[in-house]
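Both complexes shown next keep chain A, but they swap its partner, so chain B is in the first and chain C is in the second.
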Partner chain A sequence: MSKIFYYELKRMLWNRSFWGLLAVNGLFAWFVLSLDIIQGIAYTAPFSVWSWCTYVGKTLPPAMAAVLLLLSSYYGRRQRQVEALTLAAPVTAARQMLLRTAAAGVCFLLIFLVTAGLAAYFYTALFHFTGFAAFLLPALLLALPCFLFLAGLGQLLAGLHRSLLYLLTAVSFVLGYCGPKTAFDLFGAGYFSSRPLALPVGADGEPAFALTASFCAARLLYLAAGALCLYLTAVLLTRKARRA
Partner chain B sequence: MKIDVNHITMIYPSGKKALQDVSVHAKSPSFIGILGPNGAGKTTLMKLLIAGLLPTKGEILLDDKPLPAQEQYLKSQLGYLPQSFGLYEELTVWQFLDYMAALKSIKGKAAIEEVLEQTSMTGLKRTRIRNLSGGQRQRVGIAQALLGSPQLVILDEPTVGLDPEERVKFRNIFSEMAQDKIVLLSTHIVEDVQAVCSRVLVIHGGQLLFDGLPAALIAQTEKHVGVYLTQPDAPVPEGCQLVSKIHTAQGIRCRIVAERLPACAQTVEPTLEDAYLYCIHAFGRTGKGDFAHETVS
Partner chain C sequence: MKPFRKKTVRRNIFSLYRVELRRLLLSKSAWAVTALCLLAPLLGYALPYFSDSRTMSGRYIANPVLAGTAAGAVFWAVLAIMEADRPHRAGICVLTDAAASPASLPAARTLALLTDCLLVTTLAALVYLPYTAGKMAYLFAADFYAVNFLIFMLPTWWISVLFAEALYQITRRAELSAALYLGLVCISVAGIAFSDYFMSWINPRIVSYSDGFSSVWPLRMGFYTRLIWLGISAGLWLVSTLCVRRYQRGLIFSFVRSLRRGFVLLPALALILAGIFLWRFQPFIDHGPREYIVDANIEQDEASIHFIRSIRYSIRTDPLLGRISGRAEYDIQSPCPGESKFAISPGYRITKMSYGGEDVAFRTVEEDLNGWRPTYFELPREHGKTLVIEYEGFPSLARFASSYRVEDCVDPDYISLGTASLIPVLDNYYSRSNTATVDITIPAHLTPLLNYVPMTDFTDNADGTRTWRAACARYVMNFTAADYVIDTIPMDDFVIDFVYGSAYQDIVEQSNVRQAIVDVFTYCGAHYGTLPWAKDGRLLLQQRSSMVMGGYALPGVSQWFETVLAPDTLSDPDKGASATEVFIHEMIHQWWGGLGLDFAEDERWSAEGLTVYSTYRLVKELYGEAYARQYYVDVWKNAVEMQDRSFYNRHPEYTALLPELYQTRLKLANSGINHYDRMPLMILKAESLVGGEEQMDAILRQMYADRALFSENRFTYQDFLRYCGLTEEELCLE
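Let's look at the complex of A and B:
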């Protein structure tokens, strides 16, 4: 399996689109940092966890758009032609799909590391801030459910019709900036930029950072929905393989 | 390995009947050539055999067990080359074969080196697939089908795009493989079947018209093949199927197959191509296979 994963990853990384999308994501992240985050979010410091989460939430939509575009290449005519060979192999279509989802996950991680690296440089250079340990868990809670849900839903839709994946990419991108500011905000930028305003200010002049139960429950729901979508995609691809 | 195709009928969701009550039995070793015009049902039969389609009626048994229950086993023993296929353009020949070997759970480099050698692709192993010619791509397709020396090899028009020398070479490779395996070769090139196959199936209109030895098919065409000299633009006599038309110093020499040869035609020894055309011609005339099926085990 590791070799199949290696080649799926290699094919994604070899793709010039990936590097273009990575550059666009990096550029966008820098704009978010220098125009938005630098001012601090909801009257908190630019390096507060609230600001950091808002930054992550704002950089996730283009990162996910990049992942969905990378995955879309697996549902095109060219891929179907290769499947004439690969579906005759013992490794099932479902397993191949899971491996390419994992490869897309690595691409997502690379994009995330670039945006996080830019933030680290930004915080260190401008504010001499290095307390990044507190950023890790919120970032994970934001990024992982978001990736699994959209990658799962995207592949399920692409399995039905490729154009639905493009529609999802556009819809999710719009939702990333105009979505609900509740705990169910998939990307979290709206939620984390409005939540501090409803909290009392602490001794350090900022509302203390805390993740609510409803937010954590929503993240778990997104994880479960993503896993369900991947399962349904596996079922769909297995049925399609029968009609190859 | 043993395959039993029992009374298979395949009707696509569009309503197209691709195969009708087809039964074929094969066990190792055998080299079976499948002949038939475009749309005859050859590719459908092959897709059924690789569990890429589920039959509307009938069943396929692999080693006496239903194919759906044996799908993983089948695929672990299968080398398949479809009629049209794609390759990952960004990978090199070696990388693509390495990827396919991983999908087939074949470990080590020896299997890849072996098929590269067999298909004369060793010198091109570091070439990216996007830089290969059509014939070279076809050879990559053949190479992946031969990976791991599978027990069942299904080849759909494998020699398309190959030059005559390569064609001869590959059919010899397939012939060698068939010494201890089941090799199914679907092709339009009757000469390839005549040269190497020990058994031939003729499919037309979704029906199996003939299943037996090539010699038996030829024998049934005795006295139905003739040649005659004619002039340009002269029509082919009624009820005759033209096999070839060769310009000679004496005029145009036509080779025909017919249920009853015209008086002007001189009977000649039939070839497998004549026999195949006569079989198809007879089906077109009567709507059913007039040819006797041999029992081949």
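Let's look at the complex of A and C:
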């Protein structure tokens, strides 16, 4: 199984589109940092956890668009032509799908690491700030549910029709910048840029960072929904393989 | 055999062109360039440095179009070089040379690229149309929008493609032609090009645009510049066709060999020379100094003044070509002994001078100064005869002002002419009656103002023009004609002639601007003092085209910025809660600002604070205290609170760590809040500290009455504190 995983990973990483998308993501992230985050989100410091979460929330839509585009290559005409061969492999179709998701996850992680690395450089070089420990948990809470939900939903929809995956890419991209600013904000940029305005400021003039129960619940819901989508996709693929 | 050969070549180029165009339309690189070219205008929204114009047309048309023009030109050049190099890169040039004539293949490829440029320009215009139309609302004109793409974007892309193709054909090396192209770009964008408008081949500039009045003049100048560079680039491209390598030999052999087709060299040189000729003899900007020079000889010697009994000016405009022709007649009582001189716009040519019917010799010297060019002449010592000066030409801009305003222009829908663009200005002569008769022929649909007075007397010429006649001072200071609406608003002790462009008529009615004017003049007159500008019981309140820059005041005249009635100004929440209130704000600047009490300006203090406060007071009187508190005081408090919460205001030490650009942005953002929110709040606090509104009004009235004291050393925050009898500490906000 690990062989297939490495093959899928190699296939994605050796794809020129991935490197192009990575470059675009890096460029976009730098623009977000240097035009938006530098001002400080909701009057907080540019290196506050609020600003960091908004940054992650703003860079997630293009990162997820890249992942969905990479996954779309598995649902193209060429892929369907070689489906008989891939189904002959000693791994079930459901597992193959999970391995593809894991490979896409590695690509997502790489993109995320690039954007996070840029932010780390930006904060260190400009503000001499190095206290990144507080950033880890919120970043995980934002990125993981977002990836699992969209990758799961994307593959479920792509199983029905490939163009639905593109539609999801476009819709998620729009939602990323015009979505609700509530706890259910999938990417979190809207939520984290508006929430500090409603909070009282502390002695240092900054609103204390705290994750609300509703936000955590929403992240868990997205995680569960993503897992459910992956499960449904696996079921659909297994049925399809049996029929074949 | 000859005709047969020509026909074959022609057919060959045409069929090759179709093949090349089809290939280009299917090429991924061409599509990538198309996508980049379509995205490039976005740069113009983010970086508003491509045009100096700050009107809506400047921001939503000029900036995106010029950004797209410059960036797109580079993309097209890259594509052109890549496409030219493709057969060599792929190692198939031996095959392509065998299949097609070496000269016709580059021609077909260039034609295909030029066609593609045309298609992408059309696409770009269509893509940005809905957004631009939505933003500019009632000021959007589809034809003006489209013309910008056709005049700036398309020709510049063509020029770029021609240069890139020519450089490749000459060098036949991609990297070398790219480096040479980069050199050409540097010439255009480097500082040297700022001294000569016509040098900017890849980044054309737009001096100024008006939203509601015609802006044909910048388009004329842009088109002319594109013609210059199209000539030069097309000529170079033709020369480069002679450099296409033949028989696998080098540049010199191929060039000499191709010279046998000498007929290419002639049009090539003709095109290049035409471009240079157009550049050298451009009629738009004079050859005067770059800075305004104070003329030391402007004072006239009393003893040398000679008298004129009467003056008649007859001027005819040709809006299509932007030219005027004129005739000035001076009934001279006694001619000046020796050589005399008059000055006129450097763009004009004196066609005839006579005195008493006899021709007079004259010489025009190219000593342009501040937009005036002198002509010297000597009159015979015969008394009581008529001096006639006939002239015609294209009114040119004074070089010192050419980078920021268009003072003189004759457009189909807008005419603006200053003294030297209207009449010859005679030295050493003085009119006894101090009046002149002016006949001026302009398109019938325009409403003229001569020396800031609406003209009333006209003759219809039945050819789409009218000849307007008026008597005016000897010096015709200013003539403006546009599609104006003139509303007469009677006040208690004077009448306001409210003059504005017809493009703004709907918004004037919707926003009840006339009532706002009455309210402002009544309120400010009663509280701060009447405007001193009203003359003979009339005040002309004229909207001024942004092509001639900002407003100013003269006796009987108060001119205000065109942008006051623009949709984005009227929706600026900093200035008022509604369009009417924003207009009120702008009108109050007649009292507080350059036209009234002149304020010094720094990060904290400007005329805006007092203007916003006065707007609040007037709105409070009109709509009640609750409304004024909700839409003014609460808005100020909220903005100040947010400013105080801002990280960089809490930790100014971090500001120094930011790049200069961001420091400037922060400074601007802070200035905006200080001027529009913090300062009004502080004035409100001052109001309560000095004892209430009445006491505050008395202080403001005194400040306005003393405005002459601040004409040189402008009114500062310290002056304000002194008038209020308060200290800085007392006005500090908690």
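Convention: the second predicted complex is superposed on the first by the 241 of 244 C-alpha atoms of A that agree within 3 Å, B and C clash if a C-alpha of one lies under 4 Å from a C-alpha of the other, contacts with A are read in each partner's own complex, and residues count from 1 in each chain.
Operating definition for what follows: a contact is a pair of C-beta atoms (placed from the backbone, for glycine too) under 8 Å apart; a residue touches a chain by one contact, two chains touch by 3 or more.
Worth saying up front: this structure is predicted, and the values here are computed from it rather than measured.
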Touching partner for A:89 - first (chain B), second (chain C), both, neither: first
Touch count on chain A, higher of chain B and chain C: B
Contacts of A:43 with chain B and chain C, given as first, second, both or neither: second
Partner chain in contact with A:131 - chain B first, chain C second, else both or neither: neither
Partner chain(s) touched by A:200 [first = chain B, second = chain C, both, neither]: neither
Common interface residues of chain A - those touching chain B in one complex and chain C in the other: none
Complex interface listing, chain A residues touching chain B: 1, 3-4, 7, 10-11, 14-15, 78-82, 84-91, 96, 241-244
Chain B residues within the chain A interface of the complex: 47, 50-54, 72, 75-76, 78, 80-82, 84-88, 90-91, 95, 98-100, 102-105, 141, 144
Partner chain A, residues of chain C touching it in the complex: 642, 645-648, 650-651, 654, 657-658, 662, 666
Interface residues, chain A side, partner chain C - complex: 38-40, 43-46, 48, 126-128, 201, 205-206
